[in-house]
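Quick heads-up: structures coming right below.
Both of the next two complexes hold subunit A, though its partner changes from subunit B to subunit C.
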Partner chain A sequence: MSIKKNIELQTIISGLLVSFMTITLLSVLLGLDYTDKNLGSSLIDINEDLTRSANVVTSVVTYFRGLDTLGEVTILFLSIFGIGLGIENSPHMKNILSYDNTLLKLGAKVLFPLIVLFGFYIIIHGHLSPGGGFQGGVIVASGFLLMLLAYGEAFHLNHKIITVFESLSGAGFVLIGILGVILGDIFLSNMLPLGVVGQLFSSGIMPIIYIFVGLKVAAEITVLVEYFLRTEDVG
Partner chain B sequence: MIGLIVLGAFVSLIIVAYLVVMERDLASSVILFMAFGLGSTILYFVFSAPDVALTEAVIGAGISGVVFLVSLLQTQTKESR
Partner chain C sequence: MLDSLNQTAFLHNVITIGSFIILSIGLIGALSKKNLFKIFLSLSIAEAGLFIYFIGSHFEVGKVAPILGAGVEKFSESMVDPVPQAMILTTIVIAIAILALAMAFVVNYYKLSGHIEIDKMDELGEQR
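Our next item is the complex of A and B:
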C-alpha cells in the first residue's frame, strides 16, 4: 500500500515538474522578439568576408563555434570510453550478426573502398559542399560496419592504428587552437591565408579542423560498432 | 511536385511511427524504425537541410539500427504484455 502511495506521489511531482517546465518554455518562446536582423542572417552577412567558405554551416561549426565542436568531440570520446569500460574484452569473442555468404563478401569487397572514398570526399569538401567532419566520419565508419557484417571474425581491426589516428587527431585539434593563440589573437583563430571562395585550398584552418574531426569521429564510431557486434562465444 | 513529396513523406512518417510503437515483435520494430529514418532523410533534404540529411541517412537508417538489433539479440526479441 505504501509503495503504491509512493508511486502516485512521484507521478504527481513529475507531472507538476513537466507542466512547470512546459509553461516556462512556452512563456520564453512567446516572449522572444523575432526581428528581421537575428543571429542567423547576421552570420550569413559576415561569413564571406571572415572565412571565405561556401558553406555557412561549416563556418559556424569550425570557426564561429570552434570551441563547442571541441567539446562535442570530447563528449563523443568520453561516451566511447565508457562503453569500452562497460563491455568486457576477452579473446573468446564472436561476431553476433555475421552470416557466411559468398555474394555478400564479394559485394562488400567492391563497395568498401567506394564508401570510404566517399566518406573522405565528404570530409575534405566540408567547406565547399554539404557535409563535413561528422557526416563523413560516420560514412567511413559505416564502410567498416559493412566489412564487419560480411566477414565476421575474419576482418580484423588494428586497434593500435585506430588509437594512433584517434589521439593524433584530438591532439591536432587542440594544437591548432593553441597555434591560433600564439600566431593570432584568440583560441582557434585563423592564422592561414583565406584564399578564394569555392577552391579546395581556401578558408584557412577550417578544412584542417574538419579533417581532424572526421578522423576522430570515424575511429570512434568504428570502435563503437565493433564493440557492439562482439559477443561471448557460448557454443 | 515538391508539395506532393512533402505530403507523401509526412503521411508515411506518421504511419510508420504508429507501426513502430504498436509492433509486438521488437526486431520488426527496429526495421520499421530504420524505415522511419529513411523517410525523415527525404524530408530533411526536401526542406533544404542536406547536412542533416547526410547524418540522418547514416546514423538513423544504418548504425543506430545495428546497435538496436545487437542489443535485442543479446536480450529477447518479444515484448511481454
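Our next item is the complex of A and C:
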C-alpha cells in the first residue's frame, strides 16, 4: 500500500507560508501594547456586582456582548433560511441514511427523552455551570438525529411546530431587549431582580436569553440535520 | 522533569506550533483537493487551528476557568480571561452556519450538474 504523492510542491510551500504568516500576524496583534490586557480581569471584577452569575463566559456572551449574540443567532437563522431555499421545491424526500435494526430502535426510544432532558438541563444551567444555549441546543438536536437514523421513514418531524418554536424564540430575544429599553435604561439591560450567586433563579435576564437561544439553536440544527439526511428525491 | 514542561511559555510554544500544523494541513488540503466536499471540510480544519491558537494563547498555568464551582468559591485574579472563550463560542457557531450553507450549495450543485469535481466545472464556458 503506497500513499499517492499527487500534492504539488508549490501547494505545500504556499500552504505552509500562508499559515506561518497568519500565526505570526495573530501573535503580533495579540501582543501589541494597544491591546487591552486587563479587559478580562476587569470583567471578572465587575461580574459579581453587575450580573451575579456564576459563569463569567455566560455573562460576556449574554449580557456584556448580548447584541453580538443576537447578530450571531440571526446569522444562524439566515444560513438555515438559505438551505431551505434549495429544498422548498421538492417536498418528497427519502431518508438515505437509516438502519433497519430492532435493537437500535428500542435503544433510541429509551435514550431519546434522556438526551432531550440532558440538553435542556445544559441550557437552563447555562449561568451556573459550563454549557449554555448553543451547546444544549446542539445536544437536543443530536437526540433528533438519533431518532432520524434509527427510525428512518417512520419518524417525521412536524415542521409547523419547529417553525413556531424558532420564530417565537427569536422574537422573544428581541422582546427581552425591548423590555430592557422600557423598564431599564438600554437595549438588553438587566431589568429583573438579580438574586443570589449560584441559585437557579438568579442573574436577571441571562437564563431567559439562553433558554430562547437554546430553543432556537435546537430547532435550527434539527432542520439542518434532517435536510442532509433526506436528500434523495423519490417523487 | 515534568515541572519544567509545565510552564506557561513552553505550553504557549506547543500550542503555537500545533495550531500552525493544523492550519497548514487545512490550507494544503483546501488547495490540493479537487472535490468540493473535501475543500470545505479542509477549510473547517483550518478554522479549528485558529480556534486552538486563540484559546491557547490566553491559557496560563495555575489559573482556573472563570466559573464558580467545586473548589472555586469566589471570583479572583486566578481566573483566565473569559473574553476569548466567548468570542470563540461566537466564531464556532458562525463557522457551523457557513459550513452548513456551503454543504447545501454543494448538494444543490450536484443535483443540477451531476458532479462535484472543480476540474469539471464549465458553467462559465471555460475551455478545458
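As a convention for this text, the second predicted complex is superposed on the first by the 194 of 235 C-alpha atoms of A that agree within 3 Å, B and C clash if a C-alpha of one lies under 4 Å from a C-alpha of the other, contacts with A are read in each partner's own complex, and residues count from 1 in each chain.
Definition applied: a residue touches a chain if its C-beta (ideal position, glycine included) is under 8 Å from a C-beta of that chain, and two chains touch if they have at least 3 such contacts.
What you see is a predicted model; the values in this text were computed from it and never measured.
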Which of subunit B and subunit C A:Glu153 touches, first, second, both or neither: neither
Which of subunit B and subunit C A:Leu26 touches, first, second, both or neither: second
Which of subunit B and subunit C A:Ser14 touches, first, second, both or neither: second
First, second, both or neither for A:Ala141, with subunit B first and subunit C second: first
First, second, both or neither for A:Leu76, with subunit B first and subunit C second: second
Partner chain(s) touched by A:Pro130 [first = subunit B, second = subunit C, both, neither]: both
Touched partner set for A:Phe228, first subunit B, second subunit C, both or neither: both
Touching partner for A:Asp100 - first (subunit B), second (subunit C), both, neither: neither
Touched partner set for A:Ile122, first subunit B, second subunit C, both or neither: first
Touch count on subunit A, higher of subunit B and subunit C: C
Contacts on subunit A seen with subunit B and repeated with subunit C across the two complexes: 57, 130, 134, 224, 228, 231
Contact set on subunit B toward subunit A in their complex: 50-51, 53-55, 58-59, 62-63, 66-67, 69-71, 73-74
Residue ranges of subunit A in contact with subunit B within the complex: 57, 96-97, 122, 130-132, 134-135, 138-139, 141-142, 145, 149, 221, 224-225, 228-229, 231
Subunit C-touching residues of subunit A, taken from the complex the two chains share: 6-8, 11-12, 14-16, 18-20, 22-23, 26-27, 30, 39-41, 43-45, 47-48, 54-57, 59-61, 65, 68-69, 72, 75-76, 78-80, 82-83, 86, 129-130, 134, 197-198, 217, 224, 227-228, 231
Residues of subunit C touching subunit A in the complex: 16, 19-20, 23-24, 27-28, 31-32, 46, 49-50, 53-54, 57-58, 65-69, 74-77, 79-86, 89-90, 92-94, 96-98, 100-101, 103-105, 107-108
